[in-house]
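The following pair of complexes shares a single chain, chain A, combined with chain B in the former and chain C in the latter.
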Partner chain A sequence: MRKNLFAAFLAALAALFVAWLPAPADSVTWTAIRDARIVTVSGPVIEKGTVLIRNGVIAAVGAQVDVPASAWVIDGSGLTVYPGLIDALSSWGLPQAAQAQQQAAARGAQPPQQPLQPQQPQQPQQQPQTRSWGPQDRPGTLSWVRAADQVQPSDPRLGQARNAGFTTAVVFPRQGIVAGHGAVVNLGGKTAGEMVVTPDAGLYLALRPSGYTGFPSTPMGIMAYFRQLWLDAEHYRQALALYASDPVNYPRPAYDRAVEGILGAKRVLLPAEGPVQMERMLKLAADLKTPAVLYGVVRGYEMAQRLKEAGTPAILNVRWPARDRDADPEQEESYRELLIRDLAPTSPAALSAAGVRWAVSSEGMDTPRAVLRALKQSIDRGLKREDALRALTLNAAEIFGVADRLGSIERGKIANLVVATGDLFDDSTRVRMVFIDGVRYLPEPELPTPPAGAPGRGPTSEEGEEQ
Partner chain B sequence: MRKMRLILSLALCAAAWGGEKDSFLLRNATIHPVSGPAIQNASLLVIDGKIAEIGPKVAPRGKVKVIDARGLHVYPGLIDSGSPVGLAEIASIRETVDTGEIGDFNPQLRALIAINPSSEHIPVVRANGITTVLVTPGTTGGARGSTSGGLIAGQASLVHLDGWTWEEMEIRRGAAMQMTWPVIQTGRGGGPDLEGLIPGLAPRRVTFAEARRNQQMQVQKIQDFFDAARRYQKAKAAGEAIAPDLRYEAMIPVLDGRLPLMITAAREREIREALEFAARERVRVVLAGVRRPGKTLDEIAKRNIPVVLGTPFVTPLEEDDAYDEPFTLAAQLHKAGVKFCFASFNVQFARNLPFQAGQAAAFGLPYDEALKSVTLNAAEIWGVADQYGSIDKGKYADLIVTDGDPLEIRTQIRMMFIKGVPVDLESKHTRLYRRYMARP
Partner chain C sequence: MRAWIFALAVSAGALCTADVIVIQNGTVHTVTKGTFKGSIVIRDGKIAEVGEKVMTPAGARIIDASGKHVIPGIIDAHTHIALDSINESSVSVSSMVSVEEMLNPESISIYRAMAGGVTVCNSMHGSANSIGGQNVVFKLRWGADARGLVYDKAKPSIKMALGENVKRQGSPQGLQIPGLQSPQNLRYPGTRLGVEDVIRDAFTRARAYQREWKDYEARRARGEKVLPPKRNLELEPLVEVLEGRRLVHAHCYRADEILMLLRVFDDFNIRGVTLQHVLEGYKVAREIAERGHGASTFSDWWSYKIEAYDAIPYNAAIMHRKGVLVSLNSDDAGGAELMRRLNTEAAKVMRYGGLTEDEALAMITINPAKQLQIDQWVGSIEPGKDADLVIYDRHPLSVYAKVEKVFIDGRQYFDRDEDISRRPKIEAEKEGLRRKLQDQQKQAVPQNRRPS
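The block that comes next holds the complex of A and B.
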């Protein structure tokens, strides 16, 4: 039956490879996945049940669901339905470095660097930067930039992400040290606007010194700058309120887009690779009076207890540290390095055991599928499969305040689903299709993987040396 | 002040006896010949700058001055087996630094000629008992690689730390040919990258393959240079007409095995390659700046290759090395049967040479070996043991008279003789000391 339907569908769409169901404006479109194993994440697994989608939203889920006669029914027998996976810190769907830099052309902006995105080509500096001398120059501050405004539905990486089961990514701008606001973005849609689930996922802060090109050139200076910026924002807010209440006696504060952007921040994303950085960042977050999410976490196994106490969620970097691909064969590796390399994959289990809310980032991974393989390593080191799945779905949704719409298979949530042939973390499992906003996407041909010569040590900070 | 008085009395003695300037009789001292056990209450007769007699009772010959050294100790003058002292005065003032010439191969250059006999550093170095230095061109030693002075920087010269001119300082103008084995430099490693701090200043990262290729090209350059020198040598021996070339000319003693090739190589890989090269070229080799010999240690011992050790007052090379790895290196070499001496590879801190040996003695090196490593071993390695390095009849009287063990920091050097001539122990340090002590 499914085959017939599919054939008709293909004919109707003139052999389009990626298919979706065109929904006429006023009609209700029903889709049902029947007789599938349903992993709801928020509740118990339904061994054989149905998910009913109405106009892109989950209308019902359960063992017994009444399916309207007009519904397009997919036979799910032998298949498993998961909530769509969420990449909690991503660049999928954002323009590649060059365009981002043009937008970043701002007073006192830091030298453009994209150190966390090895997939992207190194770009030479676009224009000479004016040197910044202090917080008043708002160095590297692009707090008015919103990732939601930069989303590109044509990004070829979206298809690759969907192939691996990702339906959503939380994307952030990356220029400067106050990089701008992230957005929760569905990885499919006709327009950029359709893709955005929420445009204010949080403000991305980086601890990237200017390299002696201006203030701040040390982590110390950067953190002092963040504090000043937040103080300025609070001052600005109060000045605006006073002016509004009494424009005769209070001056009109000068518009400052840098602090305007700060005032709108629901949360800040702060980098913390290990325990030392974590302590710094927790202190900073308290001073900024803004909820924090730590990203770039590698040594989570040492941070779990403290994160639990602080109630701070973490986004794990699952590019597990590995020996440099072109390391000197005679170079002895230090015990410290080997220890981190060995224990980093145990971070997920440690965080889950401590009850820390954690999610996963695709940063530095060659392919989206590699994220799942990395978590499989953690599963082999004691992580429960359901915890791994939760990190990729509901945890991420909760961290970014979209758990009412994403992250599990429940009535009322956005119909972002993955239909796979088995357990997501098994190597033999194939993703048959994903649904994003109820629209079905079939697997796309894989892009060639990036060459093996990519830097093996993760983040690098080279500036464009080649032409 | 006491030192001053001693020297004064020495001068008075000399005046009173009116004897030769380089002849004297030293009495009632404990003599440490280094070549043998210490002799208590002994006398030492020096005639015309050479040691004439050692023994419990020595009669003065003619009108030589007599020095009473009751309670004092006599040692041979210490030898620093590598230092650019005299070549560099103030590191940050380019005009005062003459350590090296530009270019990869400069074997024709001799360090001796560039030495400034009036360097302020020389009296400071003497103050701790160092009478003799192998002045090395072109490199400050250690694991600096080939960046500091080419591959063959020139000839190291063995000199006395006293003389009005460099000619007067000379012991051996060509004591070793100075060479640095190329290092594979990737610009990585080193300390932990502090969150990628200061990206602008980070050295350009080179892949290992690229770095290895660069290194291999440098090794090839060395090989080509040796081959060319070898052809020159053969052509010359065969009496063929050949355009004279000072560089190849200077290489002939190296190729003949008369002049040792002093190769700076810190780590196992460089040492291994240098040893293979030396075996292939059949040259005499001295390894310098050795830090982590690893598995090459046995071969160094087996082939009787002498080693010049740098200062142990450094941090270990690898993060996981024991904290005392630099301190125990000498003991490790001794245990393996390697002959070694110490070098400061430094100008300002060359005076700390005796304490380098002292530190090694504190960390497992037998004391006698530690003392030898700054005296007799060095003289043997540089081929002057027939004249220097110990207190033996017939050798030159390079002596220090101390109030204790010279490897001990608290010990004061009371007198110094170079070829039997008393040497002033005043230095910039003692002048400043007096000046500030006199401050009201």
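The block that comes next holds the complex of A and C.
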């Protein structure tokens, strides 16, 4: 502990005064996982090899690696090492208040149909709703908000996520319709700042009115609003440039934080359940002149070809549609509903076959482990295990522009690793430990049991027993 | 129920798409060139030849229509089908929104309406605002995606509305709209006077915006370095209206407000408007006709609100006789109910007003085509026009008539016999799928409940 503090102090000093100097020699820590099966994702599987970690970064990987004498050596025989899993659209590590609402939304829960105030319960500690009369009121627009500024290392869900092998999540603010910028965060670390890998994962857009009353009240209105907002941002950019070039002749544009937030967006996340919404969103993204990532993509099996053509990545919600547990037994479902329910788990295989870059979201899942179980269903229906793994690792890193640091076991990448007793998608496999930034985490006891028989839910003690 | 119709319809895409089709020996109602017993040759999606005697090209698919009737595809000038959003009701001018964005090609209403003989429809923004959103004209090519449905030859248009729908949200006594009932949510206007003000104000702002851009273009042409005006998606469509590049469909009921609207259009020099509903149009038919505006109305549907009481079934016939271009529409939204029997709606103008068969059929074919400015390509059976055709088993103006086949662009999208004969198969497929999923779910539960 003292040593860690000292190291942190030195690191802070270094950052402040001598950022270009190498870290002092005595702060170097080496960790080696030896004799393990190593699934690198970016390259071939190493049946028996070593991963060497230096100060939280992968220094070497291979069948033959020289391990320094001072290294802490972990015997990996009989174990498999994977890159840490990435939840590509998540709320892990963000304030809990927003969580219940997001989960409800992910399940398609609608606000109550009663004569309103539907939004109030969904808006904890937010200012009272304002009536928007048009785009100029910037309804539901929080484009200056950054998830990176909200990350909480104390979130108990982080432990649950690590238990299932997740080491990274891409988290987004969710309030309003332009909800703010996401961040790629590691699921371990002493401070929020340590956890953030990048604060610029993209801008989260939603098509359900929230956070205001008035305009826009429909998805149609929201799309029109997005277009106007982006046009305003472009005009703002031009006005700033003219002012900078000639302040005598051109007026100084009024500061507008809503459009400032837009101008910095690397990409936008847009919802698309099926082909119809996909076409809408691809057109919208083209009009906004901003690369899009589509999320939801339940009917990916019908969308793969078009997504490939458009070069648009997808983040799958793997909470496969199912008949409501308490649905009216006499309620007849349409052929289309049944088809979607049957075919949704085949989306991953279809997307991989078409060459679409896709990743996975934990949205709406009861536990992080359930994400793996859901993908196992897809594997049973034709998805290759390596494609499933790639979706959970390198694909997600590529989609969010952090593939130089995350997503595979390669020299120079952040040492985010999962050490498991076998194949990650097998039900009997246990996660023995994970590494985040080179720091080892052992499995934690699970959270209290949910109501018995909740779908997709395993017993709570399974990881706990392993310790 | 829904499901098999959907599945069936998907398979309808597989119906014959021979290059040349000849519909033989039917009673052909051309609407514009008389009715006769004869044949129609379809080539490359267009009507190649029509007449009592035609040359039957070798290799053509022959459809025997003896004893049957052929009419041009029905055109519905006012619907709201297949839209995932209809009303952006939060503001009084919502011209920035477009229902085309929300067109849902998976909506079963498309198939149902098409099976009722409709081949083109104008699916519109709702009537919640004085100036509403942009509309979409599409062909009911069931199975196509949204882009494939849109009839891009149709001129763009915008919805406007007067009266109760648009003012009730501005009145504390008005209908309580969920989410909008608190006083601060009341929306101007709350009276018919205010409606006129909102419209005049919007077009005045549009004129100023138009001028702003013209000034900018002029300065730029002179080589000045200038910041362009801010683009305004609310006003751009209104500028198009002022410049005659966008049509207007205006929802209205009462004669007094119709006259108000006609004066507003006069003042802004807006031409070729189609008045929608226009139930009191018979009182001001001369004023409408003088200005060359059109009217799209119901045959005999009224009294659903106060402003819709003073209506008569002779409305369409009277306006027609006074020289107004009249069409009959369904105004269908969720389902396609009235839309499936627009032929009998047309028949009623013979009963009420004594119009001829051709005049009646015109009100659901060539007249709405003219109102949508697509009459060059659709709306009648003439050589060169799109092969949008409907075959009925009986006279289409009879209540006993059933649609047997529907062609759009020469491709058959509906076949009644095939629809009926496929139903058991599709029902069986669906039932099999239902059982399979049920079994999967049963198996899945124990798997997830391992002992701890």
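Note that the second predicted complex is superposed on the first by the 388 of 467 C-alpha atoms of A that agree within 3 Å, B and C clash if a C-alpha of one lies under 4 Å from a C-alpha of the other, contacts with A are read in each partner's own complex, and residues count from 1 in each chain.
Everything below uses one rule, namely that contacts are C-beta pairs under 8 Å (C-beta built on N, C-alpha and C of every residue); 3 or more make two chains touch, one makes a residue touch a chain.
All of these numbers come straight from a predicted model, not from anything done at the bench.
When the two structures are aligned on the shared chain, A:227 is found in touch with chain C, with no touch to chain B. By the document's definition of touching, neither partner reaches A:191: not chain B, not chain C. In the superposed model, A:239 lies in contact with chain C only, and not with chain B.
Residue contacts after overlaying the shared chain place A:335 against chain B and chain C alike. Using the contact criterion defined above for the overlaid structures, shared-chain residue A:273 touches chain B, although it does not reach chain C. Annotation for chain A, partner touching more residues between chain B and chain C: C. When the two structures are aligned on the shared chain, A:327 is found in touch with chain B, with no touch to chain C.
Legend: residue contacts after superposition of the two complexes on their common chain; A:250 is shown touching chain C, with no touch to chain B.
In the overlay built on the shared chain, the residue A:219 is in contact with chain B and with chain C. When the two structures are aligned on the shared chain, A:133 is found in touch with chain C, with no touch to chain B.
In the superposition on chain A, the residues of chain A contacted by chain B and by chain C overlap at 113, 115, 213, 217-219, 332, 334-336, 459-462. Those residues of chain B that touch chain A in the complex are listed here as 184, 186, 188-189, 195-202, 204-205, 207-209, 211, 268-269, 318-320. Put simply, chain A touches chain B in their complex at residues 113, 115, 207-209, 211-213, 217-219, 273, 277, 324, 326-328, 330-332, 334-336, 459-463, 465.
Chain contact summary for the complex, chain C toward chain A: residues 1-4, 6-7, 84-85, 87-91, 94, 96-99, 101-102, 104-106, 133, 145-147, 176, 178-181, 184-185, 225, 227-228, 230-234, 426, 429-430, 433-434, 436-437, 441, 444-445, 448-452. Listing the residues of chain A that touch chain C in their complex gives 113, 115-116, 118, 131-135, 213-221, 223-225, 227-228, 231-232, 235, 238-239, 242, 250, 275-276, 279-280, 283-284, 322-323, 332-339, 341-342, 373, 453, 455-462.
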